[in-house]
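We just call them A, B, C and D in the order they show up, numbering each chain from 1.
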Amino acid sequence: MELFLQQLINGIALGSVYSLAALGLTLVFGVLRIPNLAHGALYMIGAYVTYFALTSYGIPYIVAIGISAAVLALIGVIVERLVFHPLRNAPHTHHLIAAVGVLFFLQSGAQVLWGSEFREMPSPFTGVINIFGLNIGQQRLVVIFASILVMAALYWFLKKTVPGQTIEAIEQDRTGASLVGIDANRVSMMTFAISAALAAVAASLVAPINLVFPTMGEALNLKVFAIIILGGLGSIPGAIVGGFALALAEVFSSTYVSNAFSEAIGFLFLLVVLAVRPTGLFSKGA
Amino acid sequence: MRVSGLGETMGKEKGMWKLRRKLALSPLILAAFFLAACGGGSGGGGEGGSGDGGEVVNIGYSGPLSGGASLYGENVLEGIQMAVADLNEEGVEIDGQPVTFEISSLDDRYLPNEAATNAQRLVQQEDAAVVFIPHSGGIFAAQSINADRNEFLLGAYSSDPAILEQENPLTMMIPPRFDNYMEPFVGTTMDEFGDSLGLIPTESEYGQEWTDQVTEEWENQGGEVLSNNGVDYATTTDYAGPVTQALSEDPDVLFVGGPSQPTALVIEEARGQGFEGGFIVMDQAKVEEMEEFTSEENINGSVGVMPLIESTEAGTEDFVARYEEEISEDRIPVSEVGYNYQAMHVVAKAMELADSTDDPQAIRENIEPAIAEVEDEYKVINFPDGFTEEGHLAGPVVATFVEDGEYTELEVPQEQ
Amino acid sequence: MLLTTKNLGITFGGLKAVNEVDFEVERGTVAAIIGPNGAGKSTFFNLISGFHKPTTGTVTLDGEDLTNLPAHKTVRSGMARTFQTTNLFMEDTVLDNLIVGHRVRTKSNIFDAILRTPRLRREEKESRERAMESLAFAGVDRLAERTVGSISQEAQKRVSIALALATEPKILLLDEPAAGVNNEETEGLATLIRKLVEHEYTVCLVEHKMSMVMGLADKIMVLHHGEKIAEGEPKEVASNEAVIEAYLGAEEEDDA
Amino acid sequence: MDALGRHWKKIALAVIFVISLFVPFFVQNNYFLGVIILGYIWAIATYGLNILLGYTGQLSLGHAGFFGIGAYTVGVLTVGYEFPFWPSLLIAVIASSVLGFLIGIFALRTRNEYFAIFTLGVGFVIYLVIERWEGLTGGALGLIGVPYPEGIGPIQFDGPGSLYYLILGFLILTIYIAWSIANSLVGRSFMAIRNSEELAAATGINVGRAKQLAFAISTGVAGLAGGLYATYIGFLGPAIVNVPTTFEILLYLLVGGMGSLSGPLVGAFLVTTLFQFLQQFEAYRLVILGPLVVIIIIFFPKGLAGLWHAAETRIRKRMNKNPAPDESSESAKEEAR
């Protein structure tokens, strides 16, 4: 039972990170139909920005995350303008390929600029809390609460603000939204900005319990894709549920089945879901 | 229809314009390719050297210089570079001719086929007679070409004894065989902490082999091996899950290891979750590097390879100082740097004795006598005292057991 | 009767997009389906041609039950259709777009292709000939070597009808054949449709332009909110109260 | 005019063929020969992808997985079970093709991005299976000592020179297969699907089955390339099966030109050579390559083949002394008709 609870907490912490990263990816897909394979690279850059804000400029952790989100939002807009905007009418294969180009550039660029060594991100939340015989790292609690906060903020933004509603409108009905006269360009840039900022927050939250290095986004990249496909491309609740589902599946399959299996499980699950429901769990009208 | 017809016409003109723009752009792209290619030709190249020393001897290197394993690849290269700098400064004469050593390094992204292609290139384009490769996949691939297709001496930096089993006549295995660590590592931790062993190693090829060997040895010495909770250290986001899982079986000792930094995280997580036993640390992880990522206390009770900086060889101290001065102030030289540094010195001496810079056979035959000729100042860590039939730079090896923040020496018996 | 539907209907998410429609098309005639926007005309076409699976009812072509057959099989049984947007491949030549139209009547497979068997050669030749014949029938054979993107909208409409013809159909389902072309050209397309009937093809079309339908169709069915509200000769339908109301009501909705 | 153009192409093809025959004679350098041989192998794999992506319009991101199945089938059979090479290669092609067909049953239920990502998942799972199934594949350690093919009659395959001809032969076979598919009703069905699945179905093409056929051919060709790779390199490790290899093959196809016959060869050859040239840039290579990919996809989505085609059309127009009336004016005439 203790093991179960401990792993449950671990799974929830991991799931919050997955969900945050997946949210950004699914937003871009839902609004722009772009499967952004470079998302993991944006995530990695986000971690580096926070790292340097912390270590080189001594900016407090929480503020550093904010700065990182802002910087990444800008990078997101630049990527959208330079790469995806010119391709807006191209077939989907072109988006995928262009995204791979961006991925190459960001990842190798990070290596060239900052070297390939592992870096440790200091966080003020280093202690371990002991509740009911469970040992929980403070940073993990920070990850969980901050993620919930960010998700709530995103929800509020999409539902209650005008710019947010325009994003949602396009996501739900593209032709309808364009009829109403929504400026697609603005929405497009805004979506990329939010997506990259979410990736930055996710990376900055998880970095203190892991490390910062140029290929840190690689492993996550495939996983978040599995998540958003699982949840249904473009579905926000799908991304959140999918993120937690994958994390818990990984943690518990390694606990109760086999460890070698846990990495494959996400993908096997994904394949099974898609084989049964070709457009994912939460998609509207398969 | 008039309107749509007009639109069509305009569309076509636009199309034409676009085409023109594309055609205009294409020479630019070609030029970019060309520039890239030319720039590439002059890059890479030599390291150190006064430049006036007669014939140039190219030493080949193919290793991961980009991607996740690039730090490791760079460390190995640094060792060779430092040795070459020594040699060029000292001035080496081979067969009566002064020579200058240069290093041609190529990136293989840790891929075996790239390593083999690079090795061919180094031999054929750069006339390298010796090629260093620091990963077993690349070594195996190179072994399939170095004896018959292109002759070169393979400087194999991998502690995997399987590279000796190929009976390749032109392989020089550089580091100590990892299987020799098993007995003292297992014995020490079992005596100290108890007889159940939990496993959280990295899931690389190397990790797998270590895991098999540790498991076998632990069981041989009468201990109990618990379930394997290994995860790929390169792709894991959070180690809490596997650590919780491993600790739930209440092990006395944990087997961990992969790159140093993630290994430190695993150890920290285990201590954070209340683990008080010992660690067997795979030789890929360096205790001295781990110290920078977790507190010293956490590392107490670990057995692992001897940190180069703690080594007592004659040249170690100077070497560490030079590394800080010439290579990096932030990083400390790890054993990869040292082993390859020594190996390069052995190779140079073997060339001197063979009176040849380009006959891999002759160089190979002179490795054994060359070992004794290497000056003490170039000995920095577990310097070999012999060269085995199978092609291993063997010798007495000292590992370490960390006790109360002290690195105590641990003799590693050498049975081949 | 060549084409018969009985109780044909489909439900999307609880909404009856087409509601139990009985419909018949006589051999060698032109039948038209009209109705305001969103009346379910295209959905009805999709049901007949196997693009949607009906939730109720049956489709019979020339005595053969086509209900639940996938689209490509209905083509084999003699059903051919066009789309509102022609969907032709703009960068290829007209002829290259057409040759595949005869594929459904050929048997050569991948091994024929690799071994270049006589069967493949013969069928290739047949397909090419059939394509040219169809183009000639549709009056666009002189455009055969032009790319589709470089010919006019009307010519593209003709090419897509030719493509349908290349499949050797018994009945042609034309989905708004005159959408996006001017009045003069519409007349030309109407002439083509008459020519089809003269050559013993049967035509069923969905059309928005009342003028075209009135002059062309032997029989008209009016759909409104997925239900058949009228059926008969053009004159009868034009004077039908329910039809007029439906169209007026739809206009009001559009205006709103 | 057209006949001249065709003639010209045939001559060029013959010249290229003759040159390719003599390559081992004037390339005495094993490194260059090795780069060329690997270029051929990747070209074969790229032809496989072209059949699916270029002709049929379905982006599979699991291509390296099937390449790996071919490679490992040969590797496991020859090393683990001491099978002769030739039957192993045959089994490799059949295995990857049949597996492709079976996976296609599920994968092709999905469309567009879903298909791409589904196959990405398939590729990754194949990689994980190969990496983890130590007993069969040697796990992360890999398989050592895949033998050269056995000789056929008097021909012995004992070095890069003879292997060059073997792999050239398979490349020509692959190109022939690609050509014969492209120029057949089967290929026309594929291209009709690429253009519009709806229209293809409305012309009576069994879209599902045609896609599945294209997928099986594509994976079979990938398996062939994998099998040749195994015997040429002699060593197999799981890294070659991983997702980045798929992206590399995709890059070759993209640079060469999707849907063209020459594209895969040109792309694979040029990019592998370029990679060798850029070697010394090490990590900087990808910093250059990334933007290059983006530029190509934005400005030259049809790759070099498309560029060549456009240039050719222009040159023809220039050369034509009695230029055809401008297309727009012609269509205006047509309207006036």
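Note that in this section a residue touches a chain if its C-beta (ideal position, glycine included) is under 8 Å from a C-beta of that chain, and two chains touch if they have at least 3 such contacts.
Given the structure is predicted, the values throughout are model-derived calculations rather than measurements.
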| item | value |
| --- | --- |
| Third chains touching both chain B and chain A | D |
| Chain at the geometric heart of the assembly (C-alpha centres) | D |
| Pair of chains joined by more contacts [C-beta pairs], C-D or B-D | B-D |
| Centre-to-centre distance between chain D and chain B (centres being mean Cα positions), rounded to whole Å | 34 |
| Euclidean distance of C-alpha centroids - chain C vs chain D, Å | 39 |
| Interchain centroid distance [CA atoms averaged], chain A/chain C, Å | 47 |
| Whole-Å separation of chain centres (CA-atom averages), chain A against chain D | 33 |
| Contacts with 2+ other chains: residues of chain A | 108, 111, 116, 260, 263 |
| Residues within chain B bordering two or more other chains | 1, 5, 8, 12, 66, 70, 203 |
| Contacts with 2+ other chains: residues of chain C | 150, 152 |
| Footprint of chain B on chain A - complex, ascending | 2-3, 6-7, 10-11, 13-14, 17, 108, 111, 115-118, 120, 128, 135, 137, 140, 206, 209-211, 213-215, 218-220, 250-251, 254-255, 259-260, 262-263 |
| List of chain D residues in touch with chain B within their complex | 29-32, 34-35, 38, 134, 139-142, 144-145, 159-160, 229, 233-237, 239-240, 274, 276-283, 285-286, 288, 292, 295-296, 299-300, 307, 310-311, 314, 327-328, 331-332, 335 |
| Touch list for chain A against partner chain D, complex | 29, 33, 35, 82-83, 86-87, 90, 92-94, 96-98, 100-109, 111-112, 116, 222, 225-226, 229, 233, 260, 263-264, 267-268, 270-271, 274-275, 278-280 |
| Of chain D, residues touching chain A in the complex | 53, 59, 61, 106, 109-114, 116-118, 120-122, 124-125, 128-129, 132, 243, 247, 250-251, 254, 258, 283-287, 289-294, 297-298, 301 |
| Of chain B, residues touching chain D in the complex | 1, 5, 8-9, 12-13, 19, 21-23, 25-26, 29, 32-33, 36-37, 39-41, 43-45, 65-66, 70, 105-107, 110-113, 116-118, 120-121, 123-125, 136-137, 140-141, 143-145, 149-150, 162, 166, 203-209 |
